[in-house]
């Protein structure tokens, strides 16, 4: 039997005003296991804590019940007190007789009676408490950032800045992501390349950062502090260390008609290519789908012209295994496919383009050298119609669009409209909008400038139909404010396509056991309290993989994710929450039910040999809880039929003892 | 102040199975409507007016016979509101309430056009009479 | 010898019930069951009840004593009460015999006072079996279904019930009932006995013998390889033990009521993995051992300790109820005791 | 009436033994009477020829035996699966309860099974039973021969057979059947229509007969726990006998809850209950509720499926709403 | 206070992150609810095993209420969704057995909803008090 001490706090008159604290202390003296019971003005005060310590020593207490305010207030305090007195800090239970008793009840007899019952429940629980020690696990002081867009770049730079090594894994041959394809950025209208490329160079030059471009993550094992990650380095047929990025190979490559994905297929590149001038790493890549040498074995020109001897047609995919303490997901977004929106004739006319395509058409490094020309006939468009919310806020057509608002379209459309009107004042620009959403610093001012200073025609309504006819795009839409149907002959129609998470996110989420919402955006551990962490410990979220974001937001989230990673990597050891699930192997059926309800992927199974009571051995599949990953919710304990799974600190027995004590 | 007709509204909602509250007022229905200029009240207005209960105005409007039932608005509505079904429901309500056919069998020969497919005549009869 | 017309049974029951509680088999949707008689309840025609009559002396659960706990004080409360007299009507020969088996356990020194209390206050009215079942094998254990024991033995013909008092207690009750019964001669009863014996001869298990089993035969059977096969399908449920009239194992447990302890005993089953579990575990680790225990106890251990008396009475309940149809008959036939043994 | 004869099964078993596909055969062994067959493992041809049995009383669900039998040895075991057994078979595989590699499953069509227990309550002193087509002839010791329609003697669970289709086998004897519209929830619905007082009276009456023999649990192919909570002194709910009517309810509610989403509705619990408690009505209530709250789900229909009780959607009904729906009020 | 006034016994399981904090907030704001309610803290509503609920009734509780974070707000992301399914099935089963459905309840109470917590408890106590003592899931041995 335990030797329990009960300490009843007056909390001035907060408790003592409605609860006869002396009576509570007296009543508790008669409870089985209680060897000492007393009351005091302020238990949480220095003197109160000293009193507890003294009592622990004098009465050899091995369990403490403090009847006081909410455990959410002072449980930590009294746990420290217990530890200071030489007790395990988890041998403390709090009876909440303030918030849940004295403050909600008015009459002394009622309050006192309930306080005694709550105290009895706490005594019943503490009688079954066992000392708990938080598990420790070492931290590998290296981070992995998956995705090399602005989110990944910023996160990596910030982590490296704090002195920790970081690896970036990027599927494309270069880092830079979507931002590298943008022309200007809102609301300042500064050039995207001017702010991004220096950061890319920083990354390349930072000794703490390794870039695995043209690579992908294929497997993740382990848990916070110790993730074992397999990275596939796709064969690029060019030796990265030897290649100087001189570009001689690309010039000589006879395969010139490969659609250039950097310019969204609006011009061509060679089979061996460097995506763009400021690419990092600036090395060539051979596209195996188009290279004559790789396809038919006939050519080899690039190899001949390469002074560095970097071309290697025999290269194979390589797999690297690395260990990381933390993983940041920054897989980003893509505009959704416009192919299915027949009404906008995207597939029928080259002059119906997406906003991202417009970015390339306006960019000096783009297919038109920065002059806005219609893709079909390379003429200057004079009438341009922008259509907002294409595929966004679209509930009815799940196979085409997305239910959510893509958030960035209102602002970039205003930017486009403004830039066009600025550069080509003879152009008529119409923007069909449902709502104009501009929450953000200087955002609404920006939009108003488009209307007021640049004369962009904003029309409340939606385009219903675009019909290509004799080189003109007949746009039919509604003007809800004027209550009329508009018919505009446009030269160019720009669709603000909804954005969706990158397709690589879903399989990655499975590898990481990180949860996703139905739209395949990663779920944050808590929308307000832990917005940059995934519920899976050690996995952090940066940028649009978590939800639509503009660049300022992405960069700030990237910084936040980095600071969370730094906070983790600073530690030499991780102390777990000791109140974690534990499976009794002798009772476990290995049925995999608990694994299914675990939100953290903390449960795995292993075949284990058991010596049976009849002296035979038997191999059985049993569950194993990874204490470093378990967060202690207890979902598994109820899913477990045999009761093999229990939760330390909230054991079945303890909760039932509380129930019993309350229902006495 | 609009004349509200809550009972008629309820009936129309029931008949059509449409929830006008899903409408986000984008106007794509009206943007896409081929009969727009013929109509006094446009598809998006049908949605709005049913929601506010202004059924009587709709019932008295020739608009209900101008809708071609091409269902472009239904197809393109991003919220799945289905304005054409509301038009249909209002039309049906008129026919049911008044026992008044928009056209009678007798009046048809005069309207006939040799090029009109048989199917269209039959479907027009179905649509415009009880 | 007395008799009564079957049509007057309600009168008889009401007369008995006037002086003491009366229990008799009645039909329920789940088969025949002993219930307290009340006006309107009629005697079941079933050969036997689903649960045996042992419940009356050795109930499934029984409160032994209470502890009242107040803070750190414990007070012991004796919950025993003197049992009231009761009459058990319509007990078959096998079940009557089972009381003898139980008596040897519970009434041996030190006597079980809970059992003894009830046993002393009971009056047994047994009934001869007009229509035995194919699962009956009481004859194997020397029981004559035509001549049961009991304080009063009854025989039932098509329209009358005959009473034969065998003990003083029985005579007393029969005397008290003399106003509604009439004097009878032995003839009808003898005829009935002959009919029953003739029917017993038709039973498929009539030739099952106990030869080979009995006192001191542990070594012969304990390591028989057939136990493995016999026990392999056993689910380890307790159905056989709970419907058995002679199974007498129990467990004693404390139930915490929140304000005290109720110490109770309840039936236990040697088929259970936690039977007689001690700190070192259950002594019989496998279902084979547990299965063997039950049959060895019935056929060897009990006779060894009780002058050769077997602790099976051949009622056939386990044959009827085992979910996988393994039973003492199959065990006896497999291990010996065959007709040809 | 069984579509496949004893000989067909026996020959299949002999063939598979001979060609080395299997080393042992899980089948039924003949009993004392025609109705008391016992599951048994046959290790060789002679044993099979002598005691192997297949008739209309071979109802016991074999699947659960696979757990213990496959754990015993590396040898390969032949098991005959009726359609209902095959669902349990899959469910056990889903829960990793036995090694599929060690089992060779032969699907056997089932025309419905009779129950010896039920038969003996209809007929006294049965000496022999023979099935000819849709007629059953019961010989008795004292009342001569009686003839019944097969349908009338069909055991309760077979009357509401949910499927004649095998969902698992390596090989199938005879023709496979279809998933049936079984009306198996009719009785549950009847209870739901009662007032709470009537329902309470009904269940109080039924459950009060429970003698806690644990046959329902021990036969149940979903109850395969290494140690049942009701046998575990540390669980806080262990009890050996129901000393109060509460404990009957506790046991049966928790047992039904523990098999919810896993119960294949094989009906073994009600078959073996010596006290005729309609335990399947508890399990069926959960199945019916799961179907109506979360969409149709049949445990064991496929290996590896995720039971609704360990799954969720963000728009599941609230418990209060669910209780109303459980009444068929929505 | 009347001597024989019937006081129901209510056990409330509250998840640590939302509902227990909501109960604390009710206290901070001095919002009254009957002392018949006794709270047991659990990490998440999904920690509540149906056995705990039955146990409470066995030991004399007249009503049991589970409070957790609002669906979608679970501290552990999905715990309360499991709770919702488990309790939907359990409560439906209890109702099927004829046990008054008003004796069990699940309520989602956030840490900011002190007022909702108090209102919920007032309402629940009133509902259970109107039903009277729990007879259908009682254990006679536990009666005083």
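Letters are used for the chains, namely A, B, C, D and E, taken in the order the chains are written, and counting of residues starts over at 1 for each.
Quick note on the criterion: a residue touches a chain if its C-beta (ideal position, glycine included) is under 8 Å from a C-beta of that chain, and two chains touch if they have at least 3 such contacts.
Computed from a predicted structure; not experimentally measured.
A.B. asks: Determine the set of chains touching subunit A that also touch subunit D.
C.D. replies: Both subunit A and subunit D are touched by C, E, going by the contact rule given at the top.
A.B. asks: Centre-to-centre on C-alpha atoms, which chain is most distant from subunit A?
C.D. replies: C
A.B. asks: Measuring between mean CA coordinates, which chain is farthest from subunit E?
C.D. replies: That would be chain B.
A.B. asks: If you tally contacting C-beta pairs, which pair wins, A-C or A-B?
C.D. replies: Output for the comparison: A-B.
A.B. asks: With chain centres defined as C-alpha means, what is the inter-centre distance between subunit B and subunit D in Å?
C.D. replies: 58
A.B. asks: Can you work out the whole-Å distance between the CA centroids of subunit D and subunit E?
C.D. replies: Here subunit D and subunit E have centroids separated by 37 Å.
A.B. asks: Suppose each chain is reduced to the average of its Cα coordinates; what separation in Å results between subunit B and subunit C?
C.D. replies: Spacing between the chain centres: roughly 83 Å.
A.B. asks: Taking each chain's centre as its mean C-alpha position, how far apart are subunit C and subunit E in Å?
C.D. replies: Computed from C-alpha means, the inter-chain centre distance equals 47 Å.
A.B. asks: Going by the contact rule already set, what residues in subunit D reach two or more other chains?
C.D. replies: Residues 229, 236, 243, 309-311 of subunit D touch two or more partner chains.
A.B. asks: Scan subunit C for residues touching two or more other chains and write them down.
C.D. replies: Counting only residues that touch two or more other chains, subunit C contributes 255, 258-259, 262.
A.B. asks: Two or more other chains in contact with one residue: find those residues in subunit B.
C.D. replies: Where subunit B is concerned, no single residue meets two or more other chains.
A.B. asks: Check the chains against each other and report every pair that touches.
C.D. replies: A-B, A-C, A-D, A-E, C-D, C-E, D-E
A.B. asks: Provide the residue numbers of subunit A that touch subunit E in the complex, in ascending order.
C.D. replies: 70-73, 96, 98-101, 103-107, 109-111, 113-114, 117-118, 121, 515, 523, 525-526, 535, 579, 597, 599, 631-635, 637-639, 647, 650, 652, 655-656, 658-660, 662-664
A.B. asks: Report the residues of subunit A in contact with subunit D in the complex, numbered from low to high.
C.D. replies: Subunit A residues touching subunit D: 586-593, 596-597, 605, 618, 620-621, 639, 641-644, 652-653, 656.
A.B. asks: How about subunit A: which of its residues touch subunit C in the complex?
C.D. replies: Going by the criterion above, the answer is residues 30-32, 612-615, 660, 663-664.
A.B. asks: If you look only at subunit D, which of its residues touch subunit E in the complex?
C.D. replies: 188, 191-192, 196-204, 229, 236-237, 243-244, 246-247, 249-250, 253-254, 256-257, 260, 282, 285-286, 289-290, 293-294, 308-314, 316-323, 325-327
A.B. asks: Which of the residues in subunit D come into contact with subunit C in the complex?
C.D. replies: 31-33, 36-41, 60, 65, 116-117, 120-121, 124-127, 141-142, 209, 211-215, 217-219, 231, 233, 239-243, 268, 271-272, 274-277
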